[in-house]
Every structure is written in C-alpha cells, then in structure tokens.
Amino acid sequence: MSGTIPAGLLAAVREKRPLVHHITNSVTINDCANITICIGAAPVMAEAPEEVAEMVAAAGALVLNIGTLSAEQVEAMLIAGRRANELGIPVVLDPVGAGATRFRTETARRLLDALDIAVLKGNAGEIGVLAGAGGSVRGVDSCGVAGDLVEAAVECARTTGTVVAMTGEIDVVTDGKRVFLVRNGDPAMDRLSGTGCMAASVTGAFAAVADDYAVSSASALAALGRAGERAAAGARGPYSFRTAFFDELAGLSLDDLSRHARIEER
Amino acid sequence: MSGTIPAGLLAAVREKRPLVHHITNSVTINDCANITICIGAAPVMAEAPEEVAEMVAAAGALVLNIGTLSAEQVEAMLIAGRRANELGIPVVLDPVGAGATRFRTETARRLLDALDIAVLKGNAGEIGVLAGAGGSVRGVDSCGVAGDLVEAAVECARTTGTVVAMTGEIDVVTDGKRVFLVRNGDPAMDRLSGTGCMAASVTGAFAAVADDYAVSSASALAALGRAGERAAAGARGPYSFRTAFFDELAGLSLDDLSRHARIEER
Amino acid sequence: MSGTIPAGLLAAVREKRPLVHHITNSVTINDCANITICIGAAPVMAEAPEEVAEMVAAAGALVLNIGTLSAEQVEAMLIAGRRANELGIPVVLDPVGAGATRFRTETARRLLDALDIAVLKGNAGEIGVLAGAGGSVRGVDSCGVAGDLVEAAVECARTTGTVVAMTGEIDVVTDGKRVFLVRNGDPAMDRLSGTGCMAASVTGAFAAVADDYAVSSASALAALGRAGERAAAGARGPYSFRTAFFDELAGLSLDDLSRHARIEER
C-alpha cells in the first residue's frame, strides 16, 4: 500500500480532530488519553451508565478495552456499544488478556456477539484464543499462537466478521479477504506498558475518518510504528523512549509517514 | 497584582506543605498527585465512603473533579464536601465535561447546590454552561461560550456564589466583583491531557494557605502558567514538555514568579 | 550482605520473568506496571472477583496495595490472597495510609489476619501503627514513629509473623530475627509519587524467585535504590529524575548492583 494512504488518513485525523470515546483500563488510561491527543484527535473517558450513550453520540469512534474489566464496566460497554452501532460509529475492541482468564475470554466473546465491532485489535495470543486457533496468553502478554499467525488472524476475522488487527513484530491486519502486513515499529515498544492499548486508541482515531477499516487500521499501526522507530533512535531506556515516542507521534510529518510506512498487501 | 503576592503564597505552600485531598478522575490522577508534590504540598487520593470524612479532616483543601464520575463517587464527594464545609476547609470543584452530558451538568449543579464551593475551576465551555451563558463542551474540551468570557465568568460567580477560575489562553478569575486576568501560560499546556486537572490541584494547594480565594486562585494559575512558559522553551514535543513542566514547577523560584507573574486586575 | 546476592536475584528475575499480579491503587498503577517491566518481570493488574483467583494462579507473586481501597477491592484482595496462599505464591502487602484513617488501619489488620503475608512493605509511620509502636501517618506520608525505627520494625515482624520491609532514608528489613539495613537510594525518590508502591512491585518480583523473603526484600530495595542513585546524578527535577529512574532500573547491570548494593546485616 502506498504511504500516501496512511499520510492522507493522518492528515484527516488532524483536520477533523474526532472525539474518541474510551471505556478502558485504569493502568494505561492516561497513556491512551495523551496518545489520542498526540495523533491529533480528542479523547474522552466516560463509563458511567448514566452518560455513556449520550457521550458516545458525540464521538467519531468508541474504543473498548477490557484490561481491568469489571461486571459494571462491561455493562457500560454494552450500552455505549449499542448506541454507537445505532449511529454507525465504529467500535474498536481490545480484548486485553483474553485467554488468561475465563472472565476475560467470555467477556470478549460476549462483546463480539452483542455488538457490531469494526476492529478487533489484539496480540497474537488473544486473537488466537478468539479464533479458536490455540492462542496462549499469560497475564496480558501473548505467548504466541499454534500455527501460522496470518492464518489465525484471517480465521478470526472470518469467524467474528470484524477487521482483525493483530499486533506483533509484524502487525497483521485483515478483513478475512485482504491481508496487510505492517512492518513498522521497534522492539522498544514491547518494553513499555500500554503500547497495545495506545494502538487501539490510534486505530479508533483513524477509523473515525475512514470507511475501510482494514486500510485505516493498517495505517494507524504504521503511523504508531513509525513514531516508535524514530523514538528508539535516541532513547537511553524505556522511559526516555516513552517521552520520545509521544513527541515523535505528535510531530510526525505527513511526508515522513508517506515515505516510511511499510504496509504490504499479501 | 504585584508578583510578590503569588510568590508569597507559593512560599507559604512550600513551608506549610498542606495535605490536598482529591476525589478525582482515573485519567489524570497520577498527574494530580505529582503536580501537588511539585508545588510543595502533599496529595492524598481517597474516595471510599468509609474514610473520606476522616481523611478530609486532616487536609488543607479538598479537590473534587468529575472527569470520570460515577454515582458512588459523587456520594463520596458529598460526604467529604460536607465535612470540609463543617471544618472550614476550602473545596475546589472542577466540573470536567459539564455540558457534554446531562449527568455531568446535573452533577456539577448538585455539588454546587449541596456544598459551599470555594473555587469553581473550569474551562470556558464548562463555566458558560454552569452560568447559563451558552457554553459548549465536546467530551472534556471547551468549544467556547456565547459572548464575552469575562461576563460569563462574573455571571457564574454571582449565580453560584463561588470564586470562578476560568482557564484559557487568558485565565479569568473572579469573585463576582473583582476580576483578575492571568496572562501566564503556553499553548503547549493545551496539548497535554490533564493540565486543567492539575490547575485544580494547584488551586487547592494555594487555597489551603489563603483566605482570599480569588487572589489565591489567580496566583496558583500564574505559578502553573509560569512553569509552562519556562518548560515550553526547550521542549521538543508534548512529553518532553511534560517532563520539563513538572521539573520547572518544582524548581520555580520565588524571585522568578515574583518577576514574571502577569496578573492584571480589571 | 555481599552484593552478589541481590545481583543473583536480579538475574533470576530477568531470566524467569515472573508474572506479578497486582491489586493496587489507581494513582500509581501505571508506575507499578512499568517498574515491573523495567525490573524484568511481567505485570498484570486484575481485581474483578470473577477472575482474581484464576489470574493469581499463573503468577509468581501477588502485590496488594490499599492506596485507594474500596470495600469491593478488599474482597477481591481476600479472594486472590487466599488462593495465593493455597498455591504457595508469596503475597506482598503495602498498607498505604494505615494510620491515616480507621478504614485503612483496619483493612491492613484484616488482610494481615486473614492471609499469610510474606512481606509487609510500608513506611515508618505505617509500620509503627501496625506494630502498635506509635506510628503517625498523614494522608499517605509517614510522620515518623515513636522511638527506634529498627525496634518498631522488629516488633512489627514478630507481631505479624511477616518479613517487614520499612522504607525510609535507610530501609530496614527484618523477619524478627535478622535485621538488614539498606543504605541505597536518593532523596529524589521521596519527591515523586509512587516510589513506595514501586518498591512493593519490585519486592514482589524478587520474592517470586526467592525462598528467603528477608534477603529478597533487602535485595529488591537495594536494586531500586541503586537505580535511584544513578538517576539522581543527571536529573534536573522530579520528572527528569523519573525518566532516568525507570531507564536506570531497566539498564542496571549485575556488576553495578553487585558492587554498589549497600546491605548491612545488623
């Protein structure tokens, strides 16, 4: 895919500044808010059942993340998700830790069943579990998937009817037909809590300005990965990397992204 | 207003190190804790109904922030707020997102009705909504106010009987009679999640050592804005700005604040 | 104690990468996740009663922190703690703010009574309160303890039957018989929110690869303190210190820790 496509979507995010409504975990909620600002969108976090339907109506995308889920929070996700579906607002689901506990696996499946999810963004273990492809998850970390990563992602996309964005050394994005491999990124991103959650936030921001969620998700991961590459150059450790990562994403030029996005359609 | 006034209050915060009890949102709670330490005070976050009345009794100020409110949290705010009122401890209210949903607007009004709020700190949209002056809010961001900012702030102060601290490019602080315009700050502060919440924390710390909450609030915003100005000088993006912002506030000299505070009484 | 002991334990953490299950406060939860990664372990935060027993079964240690406790969270701590005890997984308790409110003091005592706590990590005020030795706590900060620090720690260890790790200018670690004084660290660590919580996370990671929790706790505090010493050298304020602190812990060499750990058995 030409780099002009992610660059064009990034320009659209910065111009339209969509509101991205998050119902997310308490660990990385601040990272998600700030990364959403850095990409050029506007974050809002709200999970009271009294307000989620009203809040999501003003949003360009809804991001659901089960990283520190509770029964009450899941109910709020369902309320917000149903309203988003009614209004045609794309919903991104990050099934953090699916496979690690039954509660997480079942909640991810329940959200996939009850809602029309536009993009399912997870690591290989989580996607493998939800595809029924033998994924393995410890805590919130992928321990891999039995067999081929691309096949697991395609199978998951077909089973769930969503675009699947499987993050890893090479990100795999697929709608079950097309497959995009995103080769941007840096290993330093794995040594920081929350890069997966941030990927969901940025995926939401891009979905808010797109119709083709496979293209927008691959573009979002390329933009984030490119910022990671630039940030890793001068970092002395995970926290100086973090500082540079947010700085680089905020300052990422359309020209740089256009030239350095590495998205291959397979 | 002479810069010696904010400098004198900053010296008092650092000397007395008041405890600032927060009941606040989960997005910026860490920023609020650290900014409170940086200004020279001591933060505590506690919202269990079992303990808030006891905790607030040891505090110099109570900061209530509805950024990720829940029905349970609002009840805790009412318990803590009533106890603070009984003890004469100033209460700062940050009505985050008032105007964006009915739940937020009604909760802000409910807290204003039920409690004696010393300082209402919000952006122009939030204050405009609470003044009935046609404010507009999307998510947690101000989309401005119909008509004159100063008039909206004064109207809100008169209606609510509080000191209003309306943050923006120029901060407006008023008790309904006097109006202070604070011209410190930098646009980089707007590109970081949580600067509004941090302003409420610092406003609380200053209120804890003052009697005149209009003067203390203008002084708090001048100190925070001055740290922002100094931090912006060398920042390469929002996160290197963030690092410098906390460093600069912690290291802000009384002499620098005295010379560079720009508070105009209008 | 020879520096080869903490260095050996650090090597074991990095090799085994134990999962450290946290049920913790919302203020420093992100710091705890990232410090756990920086020391070489894997964090997971989970507190839904539906999943904590299953999650902890995969963990090498469980860290309980009452910094923003609620009645529901305490129930989850009890479920997770009982399961950890059944499985022989060490439990670290951080009684944040014990002494500041009855709810915190009673909850800390309740957890100590109901669970087999491996390590009780607190500041002097908290440990003094739990030892019945006249500790004093304001908010979450120690205001000291009546009498000798070491005696209070030893008394607390004997009363509770746990290893006590009392942090301060000099950390005191004791199982009631042996006493280790850890002289690593820097005052900059006190000017940052969450260093105490991070100490509990690192103590958990070290406990996961050890049998002798007094030795592992002293080693954990020496490693953290050594990272603080190295970070303080170049810091311009609390947030540049923070960046350097995480970087230095992630990059801490076994050789450096071996040579600079200052653990004295008294």
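We just call them A, B and C in the order they show up, numbering each chain from 1.
Simple rule for what comes next: contacts are C-beta pairs under 8 Å (C-beta built on N, C-alpha and C of every residue); 3 or more make two chains touch, one makes a residue touch a chain.
In this text the structure is predicted, and so the values were computed from the model without any measurement.
Visitor: Give the rotation angle, in degrees and rounded to the nearest 5, that superposes the C-alpha atoms of chain A onto those of its identical copy chain C.
Guide: Rotation angle between the two copies comes out at 120 degrees.
Visitor: If you list every residue number at the chain A and chain B contact, are more than half found on both copies (same) or fewer than half (different)?
Guide: Counting shared over all numbers used gives less than one half: different.
Visitor: Averaging over Cα atoms per chain, report the distance between chain A and chain B in Å.
Guide: Each chain's C-alpha centroid was found; their separation is 33 Å.
Visitor: Check each residue of chain C and list the ones that touch at least two other chains.
Guide: Correct list: 26, 30, 242-243.
Visitor: If we count contacts the way the header does, which residues on chain A are in touch with chain C in the complex?
Guide: Touch list, chain A to chain C: 25-28, 30-31, 67-71, 97, 100-104, 138-141, 191-194, 236-240, 242-243.
Visitor: Sort out for me which residues of chain C touch chain A in the complex.
Guide: Touch residues, chain C against chain A: 19, 21, 26, 29-30, 33-34, 37-38, 42-48, 50-51, 54-55, 58-59, 242-248, 250-251.
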